[in-house]
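Once you scroll down, you'll see the structures, which are given as structure tokens.
Both complexes shown next keep chain A, but they swap its partner, so chain B is in the first and chain C is in the second.
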Partner chain A sequence: MHPEAAPDIRGVIHDIGYRRYDGPRLGRLHGFGTLFLHGLRGVFGLGRTAKAKVMPFLMVTIMLLPAVVAIAVMALLKEAPLPYQQLSVIMQPVLAIFLASQAPVLVALDQRFHVLPLYFSRPGSRMDYVLARYSAMAAALFLILALPLTVEFVGELLVDPPGPVHLGAYLSSMAGAVLLAITLGALGLAVAAATHRRGLGVAAVIAVYLVLTVMSGVLLGVFMATGNDDKAQWANLINPFHLVDAVRAWAFGHPPGDFAYPDGLAGGLIPLGAMLLVIAASLGLLAARYRKVGS
Partner chain B sequence: MRDSTVAIMTILATEGLTRRFPRVTALDDLTVTVTPGVTGLVGANGAGKSTLIKILLGLLEPTGGRAQVLGMDVATRAEDIRRLVGYMPEHDCLPPDVSATEFVVHMAGMSGLPKTAARERAADTLRHVGLYEERYRPMGGYSTGMKQRVKLAQALVHDPRLVFLDEPTNGLDPRGRDEMLDLIRRIGGEFGISVLVTSHLLGELERICDNVIVIDGGRLLRSSSIADFTRAAAALTVEVEEGHGPLADALRRSGQEVALDGRALVVQVRDDGTFDVVRDQVAELGLHLVRMEHRRARIEDVFRGEEAVHAP
Partner chain C sequence: MNATIAAVTYRGMIGSRRIWLLVALPLIMVGLALLLRLTNQADEQLAVILMQRFAVGALLPLMGLIVGTGVIAREIEDGVIIYMLSKPIPRPVVAYTKLLVAVSLMIVFAAIPTFLAGYLMVGAESGVATGFFLGTAAGGIAYAAVFLLISVLTRYAVTIGVIYALIWEGLVGGIVPGARQFSIQQWTQSIADSVSSSPFFKADVPLGFAAVALIVVTLGAAIWSGQRLRSLSITGDD
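Right, the complex of A and B next:
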């Protein structure tokens, strides 16, 4: 035994016992940010199983198809791009399926597996939880819309088809994407949070979308057939995608393409009021729901 | 000076705490004080244990009364309290499709730990609760014992001053139960974190607790140190090959309190003299002494005895 051997022994101590944590304990905002990022990643299946990634990435791919086609048309036929503002309305079934399949991921699973008590026994409040989940859903919806819009716009800049660059239409559509994300995100989350069963949540969100779309379509058809075109325009707004698009068209003055919305100040203020009401009512429902569950 | 000492020595305190649900009163005018260390909260199912913990965490509002945790009022400082306490719920609370590591890191972040610290603490804590390679696998495939360990880890990951463990041994086999109890003992000792642990089994808590609170129907039955509980239950088990009857009579004549328990006699220990009396009487009657041991005092027995006394 050499005395010099002693320092070597220090290197093989593995268990250093329990260590206290003396570092910072950040505030509620940090918890909110953590939950927001966790939710946003979860919506796209990141940090979850491979199976969980299939649906969101399939939807992202489908959303990109019109942009790819538009770029091809611009490049080969030298024509103007597909109108940006039409993307959300044309692709509404895809967006609805994305919302229906992913909103329950954010709200049903935590109820189903009783994770809520763990969140609610930490610094953030119940409303922090609701708002973080809502922000994640809205951000995911915005991303899935903004990505194809931006891809198409970059394509337009690179291909440079005849005519002016459609910067205004692109920006107005991006703003429309924000409106759609905050409205449908709230609505979808409120419906999905009503049950802890994921399948039921998916079906419920789809059902709400279908009922509103069919109702809107039937009334639109009836009013058109009877020559009540102005009433038909209002009936069109029962579809939430058209409601938000009407607000966008009114606020940014870019035509909605094939879709006719009511004119004038009322044609803007009423859809805007209805949109805000949908958001407020949805958040109210969520707040009420989360006062009850998880204790 | 005296006030500050009191504040440090009291981990939590309730005063007339009451919680009524539409059909039952879960807590009924409960006043208790808990000191640092490991405290057992014992009661039958439905006695109000979980309700008390939920009120202390600010998950439920009390109908009446007041409560303080770590010197802070639950009504006004719930957020500050929740920053410094950990909670392991009774029921399953783990999403099956994420790994233990990812889950515990996430929960550390929710408790306010920055990203790097959350990763380090999660790895440390999972090691302390005894979860190794399996921590990278989705939790859906875990055994009950492993799930309980992850539940414990998420309650400890932010290094709380106090943890509430609600029925941590539920569903565990005897070996898993022993390991969990050892772990709780270490949390209270080596880790220096005060523990409030509930159980409907009095017996399993006596090994690990410094103090025990017994509640029933939302009311306090008894709150005292383990030593007080066991002192009252000191008894001697005496077994002889034949002649239990004569021995019992002889002992009673010499002033001992004797009860028959199966094939053995249970003699209440008054003082050291009791041992001598038993030895002398066995020798005098010429009996074959098979066993004479200090009966492992069980708080359960004390509780049963008290219940019998209180019953009308």
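Right, the complex of A and C next:
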């Protein structure tokens, strides 16, 4: 700058070398994938503190116990293994605790530490965030169910107890695990997202599970005592785990010793409709919640 | 006891979103009792089942969890407890005041709805409603004290509480009879059984043991949380 050229200039803009970003832009899909992977790792405490890993891995270990016992029974007593289909219903308290303790990790912490505006200022809508978190929760639930089922199946193949291999039972149980994951994942996430407090989120999810379960149990008892077995079967479906299992049982057939679910076409279509309604309502709640939170 | 701390704690419990859970859960139980009464299915056996499974098996631990951790865990999580602890009030008094608030909420939101549900079902018959009222009141006090203590000890109070209530009292207690000796829900039922004369109801744990255990656990947890609050460290691990 030459002072004699323009003596009355009071301010100047220097070019100090700021440059536009012209590297590759990874886009919306990549953002979705990153949120999903971050969520899935977070559910199992990976990338978080050691204390955060205790709960999820404790639950994974407990889930594996029946599979280990089943393999031991097959190896020692040469008997047929524990029916694959019953795992999710027998272990439902453990699955409920896993869902309750880990769903708030996915949705409450982002609200609590005010990081949502950072996500929402990037390419990708708020619904992308919701769906990425939902996929992560569902994937985690599926994994925690699929792992013991697969361990038991591999054990069955290796031990080779007398009788045919239960391939159909294994595959239909894996399909049941998918149904359970997408249904309970949505329900748990919708409840947990209502608060930014992790502790309250855990309590709220477990409260929903416990109240539905106990209500189902009491009504089941009432109808059994009064001889209304058909009504009792419907009361059984108030428990969300039984609702999903009823859909599984209807689609792939009842295994022996299965829990009592309604029969016939209505016994399949109504649970299926109710299951889809739970998923749709939960995602609707999440969408409504994320329209206003974090802005 | 400190009136200001009590007022702040009440405001935190009743003024926040927590109140919806506190109101909804007892309402569902009383609603279910009313429904059974209106459809003429309310008999004494069913009343006992509802009390055992819903009031003692679900409502009591859930309320203990929400109330016992809610009165203090929220303030520890947000770090605002230091403003309370930095006042010239003895730390044990802070803990005892919060426990008293929790106990009062347990009576209002767990014990009284239990009595209402029982009374709706069978009236004063065999002392079922009164028995479970006294039982849930005693058990509610113990739950509040224990969960308050866990909140002061760890950040994962709610998860640990859920594991105790569902896995230990539910699953393990169902399979291993010995575990029932160390279950607040079983002690609650012993108190209820000592008042009620219902033939449909028999507690597993003798009253003498249950009463002593309830008192020891409640006092022990209260004193320990008071002492523990004296050396509380505020660090985040989320």
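What we mean here is this: the second predicted complex is superposed on the first by the 270 of 295 C-alpha atoms of A that agree within 3 Å, B and C clash if a C-alpha of one lies under 4 Å from a C-alpha of the other, contacts with A are read in each partner's own complex, and residues count from 1 in each chain.
Here, a residue touches a chain if its C-beta (ideal position, glycine included) is under 8 Å from a C-beta of that chain, and two chains touch if they have at least 3 such contacts.
All values reported here derive from a predicted model rather than from experimental measurement.
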First, second, both or neither for A:Pro24, with chain B first and chain C second: first
Which of chain B and chain C A:Pro93 touches, first, second, both or neither: second
Contacts of A:Ala194 with chain B and chain C, given as first, second, both or neither: second
Touching partner for A:Lys231 - first (chain B), second (chain C), both, neither: neither
Contacts of A:Arg41 with chain B and chain C, given as first, second, both or neither: neither
Touching partner for A:Thr49 - first (chain B), second (chain C), both, neither: both
First, second, both or neither for A:Val222, with chain B first and chain C second: second
Touched partner set for A:Leu109, first chain B, second chain C, both or neither: both
Touched partner set for A:Val211, first chain B, second chain C, both or neither: second
Overlap of chain C and chain B interfaces on chain A (superposed complexes): 49, 52, 109, 113
In the complex with chain A, residue positions of chain B that touch it: 54, 57, 59-60, 79, 82-83, 85, 87, 89, 91-98, 102, 106-107, 109-114, 117, 121, 124, 128, 138, 154, 158-159, 186, 190-192
Residues of chain C that touch chain A when the two form their complex: 17-18, 21, 25, 28, 32, 36, 41, 45-46, 49-50, 53-54, 57-58, 61-62, 65-66, 69-70, 73-74, 77, 155-159, 162-163, 166-167, 170-171, 237-238
Residues on chain A engaged by chain B in the complex (per definition of touch): 17-21, 23-28, 30-31, 34-35, 38, 47-49, 52, 109-110, 113-115, 117-125, 294-295
List of chain A residues in touch with chain C within their complex: 49, 51-52, 54-55, 93-94, 96-97, 100-101, 109, 112-113, 194-195, 197-200, 202-204, 206-207, 210-211, 213-215, 217-218, 221-222, 225-226
